[in-house]
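Consider the two complexes below, in which subunit A is the common component and subunit B and subunit C are the respective partners.
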Partner chain A sequence: MSKSRNTTKGRPSGRSPDTLKKLVQLAELVYEHAQKGRDPSVDIPLRTLSNVHFNTKSRIIEMGRSKQTRNFFNYGQAKRFMQTILVAAKCKELLDAGKSASIRQIYYMAKHTIAGTQEKTFVDQSESDPILEDLEVATASLREELHVFAANRGALIGELQFIDSGDSIDATHLGSGGYAIPSIVEPEVIQFRKCSAKFVLHVEKDTVWRRFVEDRFWEQHHCIITHGGGQPPRGVRRLLYRLHHELKLPVYVLLDNDPWGYYIYSVIKQGSINLAYESQRMAVPEAKYIGVSSFDYDRCGLTDDVKLELDQADIKRSRQILEYPWFQGKKNWEREIKKLLSNGFKMEVEAMISKSLTYLTQEYLPYKLNNKTEWLD
Partner chain B sequence: MAAKKKQSQPAATDQLQLTFNSTAGTLKKKRTDDSPEPSSHPEAQSVAASQKTPDSTPDETSAARPTRKRTKAATAESMAAAQREISISEFFAKNRHLLGFDNKRKALLTAVKEAVDNSLDACEEAHILPEIQITIAQQDEDRFRITVRDNGPGIVKNQIPNIFGKLLYGSKFHRLRMSRGQQGIGISAAGLYGLLTTGRPIQITSRLPKKKEAHHYQLQIDTKKNKPDIVKEDIVPVDWANGTEVTIDLLASYIKGRQSVDEYLLQTAIANPHCTIIYKSSQDPQVEYRRTVNQLPLIPDEIKPHPHGVELGTMIKMLDDTAAKFLGGFLQSEFCRVSPGLCQQVCKQAGLSAKTSIKQLDGTKIEKIYKALQQAKLMAPPTNCLAPIGAEQILSGLLQGVKAEFYTASTRPPAVYRGNPFQVEVGLAYGGELGPSPTDISFGNETAAPPAARVIRFANRVPLLYQQSACCMFKSVLDINWSNYSISQSRGALPSAPLLIMIHLASVWVPFTSEAKEAIADYDEIRKEIRLALQECARRLGLLLSRKKRSQAFARRRDVFTRYIDELVSSTVAIARINRESLRNNLLKIAQRHTRVADQQYDEHGKLIEQDQADTPLANTIVVKPTTAPDTSNVSLFESDATTTEPSKKRRARKKIRTLS
Partner chain C sequence: MSKSRNTTKGRPSGRSPDTLKKLVQLAELVYEHAQKGRDPSVDIPLRTLSNVHFNTKSRIIEMGRSKQTRNFFNYGQAKRFMQTILVAAKCKELLDAGKSASIRQIYYMAKHTIAGTQEKTFVDQSESDPILEDLEVATASLREELHVFAANRGALIGELQFIDSGDSIDATHLGSGGYAIPSIVEPEVIQFRKCSAKFVLHVEKDTVWRRFVEDRFWEQHHCIITHGGGQPPRGVRRLLYRLHHELKLPVYVLLDNDPWGYYIYSVIKQGSINLAYESQRMAVPEAKYIGVSSFDYDRCGLTDDVKLELDQADIKRSRQILEYPWFQGKKNWEREIKKLLSNGFKMEVEAMISKSLTYLTQEYLPYKLNNKTEWLD
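So, the complex of A and B:
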């Protein structure tokens, strides 16, 4: 597994000598290059589709070896190089102080006007976030190790007891709001205590998740229900990984019947292209897609009212997904996506509510859970 | 002109004589016979003079006169009565536009021009560095007195009346040598124009070197006989050394602008950096163009005609005039580039012997010789008859006349058209006060379109101000595809750039399209040479421009690096314990290396000039560094690199400059 867990012990406030060393090395490299009269440069592994490959054995997306050399004296890269080192300096500051900051806070920490100009180091957060990811891959550290976290997104509820930062939490007694999944869910932060759940149900978003919470689905079916607010953030994915690997819980996902839903499933299952370097500690290759399927429209006898027309972007994206190596050769997925395209419409999970308020939790899902043939793998 | 054989009657008796009554300011006509009453108006005088038929008897005249009833058919005899020689003066008095006196404004310019040209020719021939004073005094609303004085060798007393009072009298027509004047019409025509429009004679004062006194003449042209008519002759003391002063009163108008006296003198100064021109007009403060070159141009030699430039008729005439007795002697002595060997060859080709007597040659034989001559492979005519301005002098002149950023010049090797040697020179000035460079515009905040280029034309160092579009030089500029040289150009138009194009044609015989000497005729050979010279200069300019563009891009790049270096240093120092100053200096060094192009200077071939050479003046190209540094805060980091290639001497030389309008 990731070596980070072996090297970083205790709470995140503790110093991470390894990461610190990597940052110092980065700065020293700049100095060395300059002293030798060479252009200061950093090798950053490419985070593109061309530089990922699907490991058919471990069934996850892995990052390739292609690297981009970011050179300070390259006109087009000068600013980004400067930004990379600037963000590194801010992370060093966090490590030294034993604090952590959100990616937005990092953005504010690093943002200032460059002396003697009107220019800002960063114009908005969308500029600093990829720089942070660059820094992660360049130093082969995790965001957590750099003491940076993202905003909490996603929630959990169900038959699980655990400790978060020293506080015991019983996920069956969390009212209607559930447990907000933090950005960092490493074992130093969260330790599982007791689990009577049989599986994890991951739904796409908050609204659907609430339906399940209100109907106390987790109680009837002895499970943990999570959502990721759309594309699940790293904390949610990491937690799913841990639930699956440490507690041996199968993960079932219930997503909208559209290409974006397919891709969320794909990310949970084999990792994302952008964060391919983290696939091995996040991907759950055993995850199953249990709905919503394009065939559910006919099977459940839904009405026209639930149809959402596929637009050009949807069609394009669907075809793109079908082309991904990790979807290749999967007959049922081929059938599914082709059906979606031939249907010409997409459906949200909420479509099931059109039958009746409890149709989703009382009939649809129990049916799906009992019919493994309906699952998409 | 239907001029018949010269009439031998003593015509002097019935000549109309013009004398000037200086107190009354009007013309008094004295007549010596009973010729018809002429018009009293001075302008109409010339018309009357050419129309009247003084030799005819009254009977013959009446016979030729049309009656009201029926026109009597003219007979050969009656027509013969009206047929007579027309004097060249009469002809030009009627056709003054041919000499450049079409309107009042142009008349002023032409008069000044003719006087200045003569002065410059005289000074140069006498190996004197010319210093010319021009004064234009307004006497009345449209009456001006122009005075041009030079420091030349002066004119011997006896020749003064002929030179100034006779058209087509001069030293320059018969020889094949480069000079400003060619025919010997100019100054006398100016005097004639003055006389016709104001009735006042031309005044000449000339002092020979080492002579105490100067001769003073007041002259009129007898248009009928093309002879000088001395109104006043005197010996006067003057406060200047040797030289000649010409004063002409004339009807004119003084308007500034492209075709003004001011412009003419400025351009003259550009093309003649060896002369000093002092110009006083009644309106403006005195303008001085001081000489920037203390060396006279090479005095061109006279040459004999080249066989390829001679027409059959001319050769027949040359055979008539020659002192040689035999064909071989004639060919070798009257032409250039005919060697004894070649002479034998030509004679053999024509089926004649070199010892054939000239007298034995008839029409067919002459034609054979002519053809053989034309077919013979001859060396090009000698070029010592040409005195180009020279690239350096052109640069010097341009530097004085225009404040620009780039200057480049090129002198073509001599070439030949119709047997006449000629040489083309081109100078370019770019940027500076001619207008912002388009590359600057795109980078800066200026949005104005670049101005159209200007062409200034010279023939034998004389500016040509009129008839631009009819001129071979102007057409050649349009022919060039300027976009090849990073200069934008609309189809069929002048290039759009802050560009001044100077073109000079030096030749023993400049092929003007008219006697007013305004435009050069379109000879392929000339056009080709102009094109090549233009291309050579444009190539340098293009290189300089593209280098400049590149430098600018690198300067921008350097700005970026400089901006981020301090950021990068701060961040790096915050992470690791390293020496801030050493890192910063190392980074700055690398940045300098990467953006060295921004500081680079290039020679005329666009090659990099090493820093240590950058101060030496460049051959035929001058690059003036803009005096304003655009952004001092960032540039200061690289101050050590900033070098100027401006040849300081030349910079100083242009203290007193009037720029081209």
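So, the complex of A and C:
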């Protein structure tokens, strides 16, 4: 992240100068083409699987350089051209007003009947969502920088003080509720202040997070604890990125021992295939998977009460994950996934409670934190 | 709520003396029966539709007095008897330890192989969840008083200061994220302090809530704003109950103009049929539905961009809701639902943004708040 973007203090000014400039440039190019009597167009990087690759050096999933040109004077492209410019205009409106909107709200803002026709600019949100993604890649901006948010999930507690929209927040004094992580966590909204945490523990679910909060794990172990309500939404991923890169905190993830848990880890660590263009601003290639491992069943002396049988979909999904380029050649991951398959069962983090109420927070996690050889990377 | 329950200050003691007493009484009765050579049994109020009615005086959905006796020496009841005692024992363990657990965690805590058999106490969570509900009604306790929580959703912001687990929280200084409403909001965890809010505005979704937060609606209108991420979970409903009953704040709800919105309102106001036993501790019969109304389309001069066609399920559901005893004889509700059906379309709160970015917070809501005749009761 460039430091120049984080200059606003207190209340958000609502403007990301760089993003605004990029939107204006996009419009100016179209205007210039029109002035010169040329066919106005915008270049949109291709968001197809063929244009995505795993960068082994940066260890994130990245987009390639292929682009598609969207022309105004092209029968097959004119509508999408119009939609792209329209969504861009609405984003500029948001930036100018210092406001933000949900992707649903963007759809309603941009929808209207085209003058002199019966035609709508957008028929439903499934048309405006991909246009917004186009705009993100075309301007190399995150959706959040365009002031657009998705529904949010996720919460944070622990040894961090920060400013959110001018309010000073001490995340050690948030009771049992914690801080609801917003969708937009850009530096113009959230500025970190004091941090005595030594690491971030990210857990999969709210119910597990509450176990840690209730046992005041963050106080004993000097950390920040986050959850993402399953697959973490963009706000949570972006915040993990910022905590890791700006505050240099290691990120440890604790997820269910199943292919879905492995996949969540994969997305946190190297980004997702669908939204490869955001990896650079969201992925944390240094994140470690500290549990639950397929080997924990024997190591922890668990009983068959914790076993959940793998179904065909789980088996298929596990094999797919093993084939991902970013899991290739990683002996410990190969061992882990093969052990899952030979176990024939999966396990949830919550199942640890079958040992005792505080087993997870007082025995399991402290052991994992102290034994790096247990981590999967 | 009896005042005697709210005596703990600071960190939660973890004990609700009344609830603990009820659990012990249940166990003592079983023990006494066994001592006397009688068949041990527990009485469970029936949670069937036939044992549910709408109390027109208190205006909430209530359970009747029918009970089922669950005996140990009865082939058809022995397993559920055992399960009931087992879940009760686990809840007592939670109360004694001053800890709480999710319904999933309760399942894992109570699951084991019955000594000398291959039989499990519980095969899956679908067996333990109804037992927990049995225990709630049998002890006349809320799940939260048994220290059991469900997954949580929902957030709060606005002119309220409170203590959560000993931490002092000022809900006017929570930035853009707000306070994540926990599942357990009982007085032993959350104590209200200063409140300058004049009312509570409850909105359906996170994305709408953010619109109000961003526009600092709570500051202009001196209120508390909550959302429940759709159908509000128990923690949010219980908090609305407490804000209404303890702080005497009126509760206004703003929901989508569709049968689902009507149903959410119905549950907030008079409780749900499935969980009638909790209505007395969660329902807010004085809650008002302030929008979105089927008449808003014309009144606000909206365009057909906001129309979402009603499907067959919507039509059927609307007619069912019109037949609920608690909507019967309410002229304005009859008008509202008939108008929805004659409109042939539904509308989302977010659609208001098609007028302008701040229409909802600066025109629509202030108008609604100032015109009581617009409210549906």
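Structural remarks
Here is the rule we go by: the second predicted complex is superposed on the first by the 263 of 377 C-alpha atoms of A that agree within 3 Å, B and C clash if a C-alpha of one lies under 4 Å from a C-alpha of the other, contacts with A are read in each partner's own complex, and residues count from 1 in each chain.
The rule is simple: contacts are C-beta pairs under 8 Å (C-beta built on N, C-alpha and C of every residue); 3 or more make two chains touch, one makes a residue touch a chain.
Quick caveat, the model's predicted, so the values are computed rather than measured.
When the two structures are aligned on the shared chain, A:D311 is found in touch with neither subunit B nor subunit C. When the two structures are aligned on the shared chain, A:S354 is found in touch with subunit C, with no touch to subunit B. Of the two partner chains placed around the shared chain by superposition, subunit B and subunit C are both touched by A:E93. In the superposition on chain A, A:E246 contacts neither subunit B nor subunit C.
In the superposition on chain A, A:E323 contacts neither subunit B nor subunit C. When the two complexes are overlaid on their common chain A, residue A:L23 makes contact with subunit B while staying clear of subunit C.
When the two complexes are overlaid on their common chain A, residue A:P40 makes contact with subunit B while staying clear of subunit C. In the superposed model, A:E219 lies in contact with neither subunit B nor subunit C.
Shared interface residues of subunit A, touching subunit B in one complex and subunit C in the other, are 93.
Only residues 23-24, 26-28, 30-31, 34-35, 37-40, 72-73, 75, 78-79, 81-82, 85-86, 88-89, 92-93, 114-117, 119, 121 of subunit A touch subunit B when the two sit together in their complex. Across the interface of their complex, subunit A is touched by residues 557, 560-561, 563-564, 566-568, 570-576, 578, 582-583, 586-587, 589-591, 593-594, 633-634 of subunit B. Remark: subunit C residues 93-94, 97, 99-102, 104-105, 108-109, 111-113, 120, 149, 151-152, 155, 163-169, 173-184, 189-190, 205-207, 210-211, 214-215, 303-306, 348, 350-351, 353-354, 357-358 touch subunit A in the complex.
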